Each structure stands twice: as structure tokens, then as C-alpha cells.
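Have a look at this one.
Order of writing sets the chain letters: A, B, C and D. Residues in each chain are counted from 1.
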Amino acid sequence: MMALKQKTVIGVIGSAEPSAVGLEIAAEVGRLLAEAGAVLVTGGLGGVMAAASKGCAEAGGLVLGILPGDNPDAANPHVDIVIPTGMGHGRNVLVAQTAQALIAVEGGLGTLSEVAIGLKTGRAVFLLESRLQVEGAILVGTAQQAVTAALEALKEGFDG
Amino acid sequence: MMALKQKTVIGVIGSAEPSAVGLEIAAEVGRLLAEAGAVLVTGGLGGVMAAASKGCAEAGGLVLGILPGDNPDAANPHVDIVIPTGMGHGRNVLVAQTAQALIAVEGGLGTLSEVAIGLKTGRAVFLLESRLQVEGAILVGTAQQAVTAALEALKEGFDG
Amino acid sequence: MMALKQKTVIGVIGSAEPSAVGLEIAAEVGRLLAEAGAVLVTGGLGGVMAAASKGCAEAGGLVLGILPGDNPDAANPHVDIVIPTGMGHGRNVLVAQTAQALIAVEGGLGTLSEVAIGLKTGRAVFLLESRLQVEGAILVGTAQQAVTAALEALKEGFDG
Amino acid sequence: MMALKQKTVIGVIGSAEPSAVGLEIAAEVGRLLAEAGAVLVTGGLGGVMAAASKGCAEAGGLVLGILPGDNPDAANPHVDIVIPTGMGHGRNVLVAQTAQALIAVEGGLGTLSEVAIGLKTGRAVFLLESRLQVEGAILVGTAQQAVTAALEALKEGFDG
């Protein structure tokens, strides 16, 4: 069981070069997470990561960015707390495990690695606008559905 | 240069089994960091880590805990945001690099590895009640001196 | 370009609990890699990893095992050189990047994370008996085809 | 207890820019390890790492290089098996844990982090020409003493 004080942390993962639709959806996911009082964690860079961070930050939410490199300045400007891992793709493992549930927007191979680790470690994973086909990941149609489902999944008892 | 929005994050590192004096000092460091508006990052477990976290949390500060294991429940009860790395001693590297400056209270070999990585990556490192002898780390006498010096060091231009 | 002295290292990844067919194929892949003079790298544990290691070792090949835990004794008995990372799923990144090409035999989510990182970092990835659907990974029918294709891919110029 | 098949792996760590004396000693350590049938692991780059690798390789030994970056071409030319971690300073943890005992030649903060992790995880650590002061690390005077002591330490029962 999660200790009471720990904040709910939801990960948004996805392409650094998404479509315009992907950007819009990511921003909405970020906004809805902030409104629900959740902390957002992303890989800290551009595209879906930046859009979700912007949406979250503008709605008053707290944004974590877990970077692959060791330079904090590489983070997008909406990140509150930067974790400059210097661990390359090892950072994907950290994003997946810091999140209590994951929402992917579009996304390619890096996203796929995070989806796989997320599911492997018992986290609920939701896919928006995704071409990824991974058994156990749940396709959803809207940002609202993704956020509602992610928060619902935590209530049902994820415990790491 | 650090982007304006990024919060100041200071690391407190040290033994999981400190002396009573060490516990008291760690708690005071945590409290002073909160009062200065800094985020606290620790390794998330007991001893110095828990004491600093408690001090910070009780003064209204935000506390990050970067755990060696993958179970978020292993975090001490004062952690707001848990990063369950599952990376064992690799987590020490993450604590050192998430902090923009480091304050060690007592501490043994694990702490020493964090001091070394901190200094190696250009971070200012301050030692309280420490037997560690590391060129570049700065011995200070009180919690207040450590916090003041750590925040001062950031102004002088740490940029990752 | 790869320096001349560096040995060819091929990764075999897959389930810790494969089918009998999977075990047989993994062993044959290991044997063929040894006969081709390649070093085998796996995640060092059981199932496909142990079968490939056994096949390789019995044919005189060198076997690396990159463990998720920090206890070298957890390695299967066919590993020559153990890397006890203690990095949990971070070890999957290390397996994928130590291999110059990857051959997956069956496999689930852990394997999927390695396939994703392998492709993401420009490595050729071949799938045997796999239900995984990943754009860029190449389905092959036999152990011999997988090994031939993996070695062929390196000649065409993988350079990390 | 170590399984019988696993090779003895000894780590040589130290500065990328050692003195001429340091280079000579590192080369001798590498040679003596090869003559004793041990595998050498280093951080794969220049200075002490390259000198030890050269000494080992020229005496017919096997050389592992665990790189901080993800480009295998960054390895010194004496490395047989490259592990391009892409994990930055996280690689120091991997060098320390892949070695069953560690020999440091000169060395600064990076070396210190490896010494600390090595001791923390129960490995014997020997220092040659070192200014490092770490409780538990053993100062020795010659390459021969270091290699003999390292191999002796393993017999006495390191088990990870």
C-alpha cells in the first residue's frame, strides 16, 4: 500500500516529434492531471513531453523531468524539478518506474521501451493515438478517458 | 544557466544509522532548506535521510526520495515524491546528480560515493560531522552554515 | 567502424520460462554463435538465457551474463563472465547495448523492452517464435537464419 | 560461493591522465592479471585504463571495457569486449560490481566513487600510488603485491 503522504505521480510518454493532434492531446492530459492534483513525470525533453508539461504547469501542477543527459538546461521550460540522469536509455526505466501509471501519446521505440517496463512492473498503461501493439496496454480515445482510467487504476491498488 | 522555472534542489546525504547529533543536524538542515524554498532530495530511506526529510516536510518543504529498490513503500514517511529506481547503488549517482549542491551529515561509503560523484560533476559539497576526507569537499560546522553555503554556491553559477 | 580487436558480441534474449521448442532453439542459437566465433551476451538467468548459454558454452564459446541483481551466484552455470549490475530493469538496457545485434526467442515484456532499446540504438533485431509485433524487428524461421542474418547485419556496418 | 565456471574478474581503475609511473604500474598490473589467468575489467577509456588493458592484452589476457558513453569506438584499442553503457557515471557502479576485487592506480574523484562502491559491496580494494584516503582500502607498494593480494582476497571468500 502506498503511504498516505506520497503524491500521485502519473507519467506521460511519447514522441519528441508528435503530430499536431498528439501535441494537443498531450497538453490536455497534462492539464487534466494538474486539475486532479497529480504530479506529472515525463522524460523532460520536447514534443509530447513538453506539451504535457506545459499543460500541467499552466494548470498549476508540478512537473518532474527525468532527462537522459546530465545537463539540466536540456529540460523543456515547463519542468519544475529536473533529474539529469546522464543514464541515456536507462532513463526510460526511471520514467516508467517513477510513474504509478503511464499514458502514452503516439510514440515510437523509446516509448515502447517505457510501455514494456511499465507493464512488466505492474503499472497500468494507457495508449492514445498509438500504433504500438502491446498486450496489456489499454487503448483509450480521449485525454479525459486516459486520465480518469489512470487515476482509477491506482485506486484499485497498484503497490509498486 | 539554470532555466528560471526550475526549482532549487539540494541533496542531503548520510548514514542510515547516524548518531543522535547527526539526526538532529540533519533535521535542522531539512528545516532550513524548506524555509529557504528549496526542494530536498535524499536517498529516501532512514537515518539522516529520514531526519532531513522530516525536518523539511514539517517546515512545509517538498521532499524527493530516490530509492535504491523498486518498492515505493520502502520510502520514509516524509517523502512526497518517490523515485523507486530499482538501480541499487546506481541510485547514488542519481541522488548526486539530482541535487544542485550536496550536504553530507556523517556518512560512510555510500555517502562517499555520492560526494565523489557530486564533486566530479561540478557540484558544491559540504560536510557536517564527517570523517570523510575528500579534496574539494568543504567542512562546515553547523546546519545553518551548510545551507547558507550551499545556496550561495548555486548563485555563483553551478550549471550542471 | 568497430575497432579490429573488439569481439563480435551477439545478444540472445527471451523468456525465463519458454516452451520446450524455445529452449531447443535458444540452445541452437548459442551453439551456432560459438561456432561463428561470436561472444554471447544474455541476461544471465534461466530459460532462454540459460539454454543459449549452455549451447554456446558446450560449443566452446564465451558467455557473458548481465544480471539484474547484484549477486553473481544468481547467474546460470554456463556464464563465464558475470556482470552483477544490481540495476533491475536497467540491466535490460545494458544487455541491448552490449549486443551488436539481438536475437529474441519467444519472450514477453522484458524482452520487448530490450527489442525496443536495441532497435532504438540502431541494432538489428531478429525474432524467433515470437508474438511480439515491433516495427523494424525481423521475423526469422530458424536458429541458423537468425545467426546468419545477425552476423550479416554487422558486416553491413553497425557502428553503435 | 562463486560457481566454478565463472572466471576471476579483477578491476583496474584510475586516472585517465596518470603520471608516467602510473602508466607503467598499470601496465604491469594488467600483465600480471593476464599471467594469473584473470579477466581484466576497466572503464574502457585512456590513461590507467588503457595501460592496464594493453599490459593484459599483450600477455594474452581477456579485457572488458565498460564505457560511460554509448559509442563502442570510444574504447581503447586493447579492449576485447566492449560494454557501451551510455550510463555516464552509472558506469562506475558497473565497473566496481563487475570486478571481484579492485586495484586503483593513482586516480581522482571518479576512481574514488568506484573505490567507495567496491568497499560498500564487500570487495577488496587495493591502492597503488594513491592519494585517496578511504577506510578499508589497502595501500600496497607494487603491482605484484596488488595482484597477489587481490587474488588472495578472492580465495578468502568474496561472494558478492
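We adopt the following convention: a residue touches a chain if its C-beta (ideal position, glycine included) is under 8 Å from a C-beta of that chain, and two chains touch if they have at least 3 such contacts.
Everything numeric in this text was worked out from a predicted model, so none of it was measured.
Q: Considering A-B alongside A-C, which chain pair is linked by more C-beta pairs in contact?
A: Pair with the higher count of C-beta contacts: A-B.
Q: So, comparing C-alpha centroids, which chain is the farthest one from subunit B?
A: With centres defined by C-alpha atoms, farthest from subunit B sits C.
Q: Distance-wise, how many Å sit between the C-alpha centres of subunit B and subunit C, to the nearest whole number?
A: Roughly 39 Å, centre to centre.
Q: Could you grab the centroid distance between subunit A and subunit C? Build each centroid from C-alpha atoms only and quote it in angstrom.
A: Computed from C-alpha means, the inter-chain centre distance equals 30 Å.
Q: Measuring centre to centre with CA averages, how many angstrom lie between subunit A and subunit B?
A: That pair's centroid distance is 26 Å.
Q: Would you pick out the residues of subunit D that each touch at least 2 other chains?
A: 70, 85-90, 93, 97, 121
Q: Quick check: in the complex, which residue numbers of subunit C touch subunit A?
A: 87-90, 92-93, 96-97, 108-110, 112-113, 116-117, 119-121, 131, 133-136
Q: So in the complex, which bits of subunit A are touching subunit B?
A: Per the stated touch rule, the residues are 1-3, 5-7, 9, 39, 57, 64, 70-73, 75, 77-87, 90, 93-94, 97-98, 100, 121, 159-160.
Q: For subunit A, which residues count as touching subunit D in their complex?
A: 70, 85-90
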